[in-house]
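Here subunit A shows up in two complexes: once beside subunit B, once beside subunit C.
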Partner chain A sequence: MDAILLQILNGLDKGSAYAMIALGLTLIFGTLGVVNFAHGALFMIGAFCAVTLNRILNLSYTVVDETQKDFLGNPLKVDVPYVKGIFGDAFGNAIIDWSVPLAILFSIPIMLAVGYAMERGLIKHFYKRPHADQILVTFGLAIVMQEIVKYFFGANPIPTPAPDALKGSIDFGVLVGLDVNAVVYPAWRFVYFCFAALVIGGVFAFLQFTTFGMVVRAGMADRETVGLLGINIDRRFTIMFGIAAAVAGLAGVMYAPINSPNYHMGMDFLVLSFVVVVVGGMGSLPGAVAAGFLLGILESFASMNEVKALLPGIDQIIIYLVAIIILLTRPRGLMGRKGVMED
Partner chain B sequence: MFGLDKKDTTLLIVVTALVVLAPFILNPFPADSALAQFNAGYPDLMQRFVIFGIFAIGFNLLFGLTGYLSFGHAAFLGVGSYAAVWMFKLLSYNVVPAIVLAVIVAGLFSVLIGYVSLRRSGIYFSILTLAFAQMSYNLAYSVLTPITNGETGLQVYSNDPQILKGDGPDVTHLFGLEMGSAYTLDIGPWSFVFSAGYYFCAIFMLVAFYLAIRIFRSPFGLMLRAVKSNQQRMAYTGLNTRPYTLAAFVISGMYAGLAGGLMAAMDPLAGAERMQWTASGEVVLMTILGGAGTLIGPVLGAGFIKYFENIFSKINDSVLHQWFSFMPDGMEDFMVFIVHPFIGKGWHLTLGILFMLVVIFLPGGLVEGGQRIAAWLRGRGKKPAGGSGDPEHHPKPAPHVAE
Partner chain C sequence: MSKSNLTRRGVLKTGAVAGAGVALPTIFTSSASAFTNDPGSASTVKFGFNVPQTGPYADEGMDELRAQELAVEHINGMGDGGMLNTFSSKALDGTGLLGKKVEFVTGDTQTKSDAARASAKSMIEKDGVIMINGGSSSGVAIAVQGLCQDAGIIFMAGLTHSNDTTGKDKKRNGFRHFFNAYMSGAALAPVLAKQYGKDRRAYHLTADYTWGWTQEESIAAATEALGWETVQKERTPFGVGDYSSYITPVLNSGADVLILNHYGRDMINSINQAVQFGLRDKMVNGKQFEIVVPLYSELMAEGAGEAIKGVYGSMNWNWQLTDEGTKAFVKSFGEKYGRPPSNSAQTCYVQTVLYADAVARAGSFNPCAVVEALEGFEFDGLGNGPTLYRADDHQCFKDVLVMKGKENPTNQFDILEIVDITPRAQVEYAPDHPMFAGGDLGECNPGA
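On to the complex of A and B.
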């Protein structure tokens, strides 16, 4: 029981990342009909927003501290971050400590702007082109974004710590009435899952309960008719592209403490996210989210030692295997809509 | 000649001439001049040109003709490499059995994957092939270590059986002709290298190219094009398209296996990274960049990417300073600063930008670029024949991917 619970929890954090990226991919595909291979790169840029904010907050000036001496007896030079100088020691430290959650606020405008620029600057010209061309040009764009990040931040992963308060682990077993230390789970991963649930819920609520969302849903169902009604659907779809980019970026920001960001982390997630989208069903938002969590949890179950002893190597291939089986038995994926990208 | 019409014969002869004379053509600069780093006429790079040429020709037989975009073709190349290295380990360093087995194993593997994947088309086919290739890659790294030697990569050890070796050489050879041997010809300041391995691969590439022409012009090729333009209509006429697409898939898998076998023949080791999806992506880039669906395009694309990969990555800051040394000092530093991100380790950035430009402005790839220039030179303002004035009789061209 506790082992199963632990594996489910383990799958949730990766599943949350898959679900958020796949949600963004599906939003773009469902609204604009574009297959965006640069979505993994947007995830990566989000993670680097966290890195950048961390660096900005740690910008320091040097002061000579007369009270402390170095080993030669000279006054010690101390680096003081500007934030501390401005806000005082305690609050400054807290700001630096909480840089990753703060990066959420920092990254939203950046990601919206990146998404908006991408759509207006490039993707707009590819609506009428075949899907293969869209895949290829966004793939090229992903390479360019990666290389730019690599140029500025180098090729090595950059550790980006979570706030001290959330660094430890929580004893999840006690909460559900199991023994102490039966299910110990890193706190940040739990935060990540809650955050993902919040973001995903937010996107769905936005689509479901606002006028803007209603128009977008109408546009997804029948773009032409909505356009004939005198609504500028293109502009709204552009904004949706920005939102999809922001969702991917937020997934990246919060993922930074789990996995130190490096420039090709996006590509690693991209392939799996596409598998997730296809398994969930092209164009289905709930499908993408469900498939994301499902595959994340399956992956963590497959990496249990008991399962590996039974089927060696299964942890490496489980996602692809499931994808193949689902694609061959359920042509539209789990929750695919009729008529979207069908043969 | 060889059952080709006049135009194709010319094309084949031109390609043959280019391939045979490549050591001269690719070495236009004297060996010790400042421009010598643009020379590509050294055996290692030339071998890669032709090997990836074969790989791209094969990929194009599937993608260019049927429109099925496979994202897992590198798996066949990897399997071919493993098969070839196993032949080196078990029999001897002779390349003939290695290459034969590489092609056969890759062919069988592609029958298996193709049979399953071709049940779907469009993006689902792409994801299926991608999934199979990633599975092969992950398995090669983990569970299949006894066969693939995992992360170390498969290589020949001195205690391997090599039952047919006798007193043959300790490097890959063709009945005694060592693949690494080369003859250097010095004419004045120029130096040209003729490598046995290169010409060995080149012969295979010319044969592969010839076969590709024959397939393009055959009724079988016509059938594949029909599948690309409208598979549904083919089905309505009562034709089962599956055997045709499967045959194309297997042929193209065997080309990839041949390329993998040749890779191992040039350098007897094989690693799982050859099967990774980025490697599959590379052959897609090559084919599109050159021009999918054209005969010469994939070869051009392969050459283009491999050339820039090697040349751009070799340029460094001191070379740049040399180039811009005619400028005033401040200007020189500024130019070096501007160009710096695009060279050396940053060549991927250059490649990405080039690739985007090609996809945006030249959907037909380098071949289309060449045709446009040729048309512009010929016509100079005259409207090309069969322009788009009459949409009724010039319907929009078929998309690249079967949809």
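On to the complex of A and C.
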């Protein structure tokens, strides 16, 4: 029981990242009809927003503390962040400590701008081109973005810690009546899942309950008719591209403490997220989210020793195996609509 | 219609003459030089420092580079001379090497064997280096050692801990100062048995390449000999980042010790995630769950932070040792870089000095003369006490340190404490020990 609960929890954080990236991919595909291979790079840029803010907050000046000695016995040189000088020790420390959650606010305008620039600057020229052209150009764009990040931040992963208060663990076993320490789960991974649920819920609510969302949904169903009604659907779709970029970016910001950001992290998630989109059904937003969590949890279960003893190597291939089975039995994916990618 | 005078015999004759003509300059070149990259009458000689500047072991690589640069400074007579002042051999006098100034080039191994070989090849062929020093990663060290053997270059290994480097993959042109996985097991197991008892069940998470395999084998053999049971040996891909799917199965395996055969950033990630999943707070089989990191480093400990408190491991050397060599090196390095050196930095510094000293003693850059000078060489004053470069396998034998993550660190660098200095005799083994069997040093290759 505790092993199963732990695997479900463990699948949720990975599933959350898959779901958020896949949601953005599907949004872009559903609105603009573009297969965006640069979406993983947006996830990576989000993570580097967290790194950048952390570095800005840690900009320091050096003071010599005569009361302390370094390892050579000389007076200790201490780096004092400017933030502490401005806001005082306690508040300054708290700001630095909470740099990753603060990066959420920092990243939203950046990601919206990056998304807007990407769409207006490059991708809009490829709307009427075949999907193969779109894949090539967005894949090339992803590599360019990676290399830019590599140039400025180097090729090595950059540790970006969660706030001290959320670095520990939550004893889930106790919450559900199991023994103490039976199911212990890292607090930040749980925060990540809650955050993902909030973001995904927010996107759905935005599309479901706002006039803007209604127009976008109408445009997704029949772009031409909405256009004929005198609505500038292109502008709305551009905004949706920005929102999809922001969702991927937020997924990246909060993922930074789980896995230290490096320039290549987007590519690692991109392929899996595409599988998630295909399994969920091209163009289906609930499908992308459901498939994200489903595949995250399946991947987690496949890593259990009992499962691997029966099927060695299953943990490495489970996602692709499930994708093959679903595509053979339900070619449109779990919740795919008729007519999408079938022309 | 034109008539051709081309005959089979004519073509062969012309081909033979042309071939001899083309080969002639090469023949003259090879007879002009007895060995690869002979500096001849040049005023400088070049060393190649091939270290990981990117990849999971990059932190170690960057520290190695600092030490290598310092070693070159000391050999050329700059700075305070560091360990040259305490080294038992006095062949180096701080005026360069055989009247030549030492220069160096650096390369990035990317912690990948193919990139490391390409980088080493470029250093040998384009930069004309006479010796290559570097690591980290045994996969890389073994690959570059093989390349150097074929090219006729001396390879002074940096941080490489796999038994295979001086076991089945040993080469006459390659030398290792760093200790190995067998030595870690021999030093660590008795301390573990004393601390945690002889009735323990161990679960290994192992980096899936030569170093991980031999460390897993060595630690499992050493702990099993003391009564421990090995529950599971799980291989993890190199540089995986997220270990959660490997750690959660440990929780229900019945194991009460997790042995992390990981290094560099892989170890930082795996130990932090193991602690976050509550492993160290668990009671299993009526005992406190424990984590062991057989190969420690200061940089890893710094990166892992709180997670390593109370965790046991082993090291080749540590800056807190109190011998004169260590003190001299820590002072030079600390004043130049503002931090104490890691054990990967120390091994690269020592290897560079040992190579230079061997050249000076031999009076020649010829790799075969250097090999002869290093084989069976006994020395002291380089931080590890009396040390032997064994001729049979080119492995250094010296004391090994057992370390523990400090419970109450007083500063950023005060994170590990020395628990035991295991005497050299306890970690020695026969050259034909089964864990090292199958290799052959072969003949020295001067190249050219």
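Everything below uses one rule, namely that the second predicted complex is superposed on the first by the 327 of 343 C-alpha atoms of A that agree within 3 Å, B and C clash if a C-alpha of one lies under 4 Å from a C-alpha of the other, contacts with A are read in each partner's own complex, and residues count from 1 in each chain.
By definition in this document, a residue touches a chain if its C-beta (ideal position, glycine included) is under 8 Å from a C-beta of that chain, and two chains touch if they have at least 3 such contacts.
Everything quoted here is computed from the prediction, not taken from an experiment.
Undergrad: Clash or fit: subunit B and subunit C on subunit A?
TA: Subunit B and subunit C fit side by side in the superposed model.
Undergrad: After superposition on the shared chain, which partner residues are touched by A:312: those of subunit B (first), subunit C (second), both, or neither?
TA: A:312 sits against subunit B, while subunit C stays out of touch.
Undergrad: Under the superposition described above, what is the C-alpha centre angle at subunit A formed with subunit B and subunit C, rounded in steps of 10 degrees?
TA: 60
Undergrad: Tell me which partner A:275 touches in the superposition: subunit B (first), subunit C (second), both or neither.
TA: First partner only, subunit B.
Undergrad: Would you check which partner chain A:209 touches, where first means subunit B only, second means subunit C only, and both and neither mean what they say?
TA: In the superposition, A:209 contacts neither subunit B nor subunit C.
Undergrad: Thinking of the overlay built on chain A, is A:61 touched by subunit B (first), by subunit C (second), by both, or by neither?
TA: neither
Undergrad: According to the stated criteria, A:127 is in contact with first (subunit B), second (subunit C), both, or neither; which is it?
TA: Neither partner.
Undergrad: Taking the superposition as given, tell me the minimum C-alpha spacing from subunit B to subunit C, whole angstrom.
TA: For subunit B and subunit C in the superposition, the minimum C-alpha gap reads 5 Å.
Undergrad: Taking the touch rule as given, give the residues of subunit B at its contact with subunit A in the complex, in rising order.
TA: Interface residues on the subunit B side: 69, 116, 119-124, 127-128, 130-132, 134-135, 138-139, 141-144, 277-278, 281, 284-285, 288, 341, 346, 348-349, 351-353, 355-356, 359-360, 363, 399-401, 403.
Undergrad: Provide the residue numbers of subunit A that touch subunit C in the complex, in ascending order.
TA: On the subunit A side, the touching residues are 2-3, 6-7, 10, 13-14, 68, 70-72, 76-77, 154-157, 159, 167-169, 171, 181, 184-189, 258-260, 299-300, 303-305, 315.
Undergrad: Quick one: which bits of subunit A touch subunit B in the complex? Just the residue numbers, please.
TA: 35, 122, 125, 129-133, 135-137, 139-144, 146-148, 150-151, 267, 271, 274-275, 278, 282, 312-313, 316-317, 320-321, 323-324, 327-328, 331, 341, 343
Undergrad: Which of the residues in subunit C end up touching subunit A in this complex?
TA: The touching residues are 54-55, 58-59, 232, 234, 241-242, 244-246, 248-249, 251-253, 265, 268-269, 273, 276-278, 281-283, 303, 319, 330-331, 334-335, 338-340, 411, 413-414.
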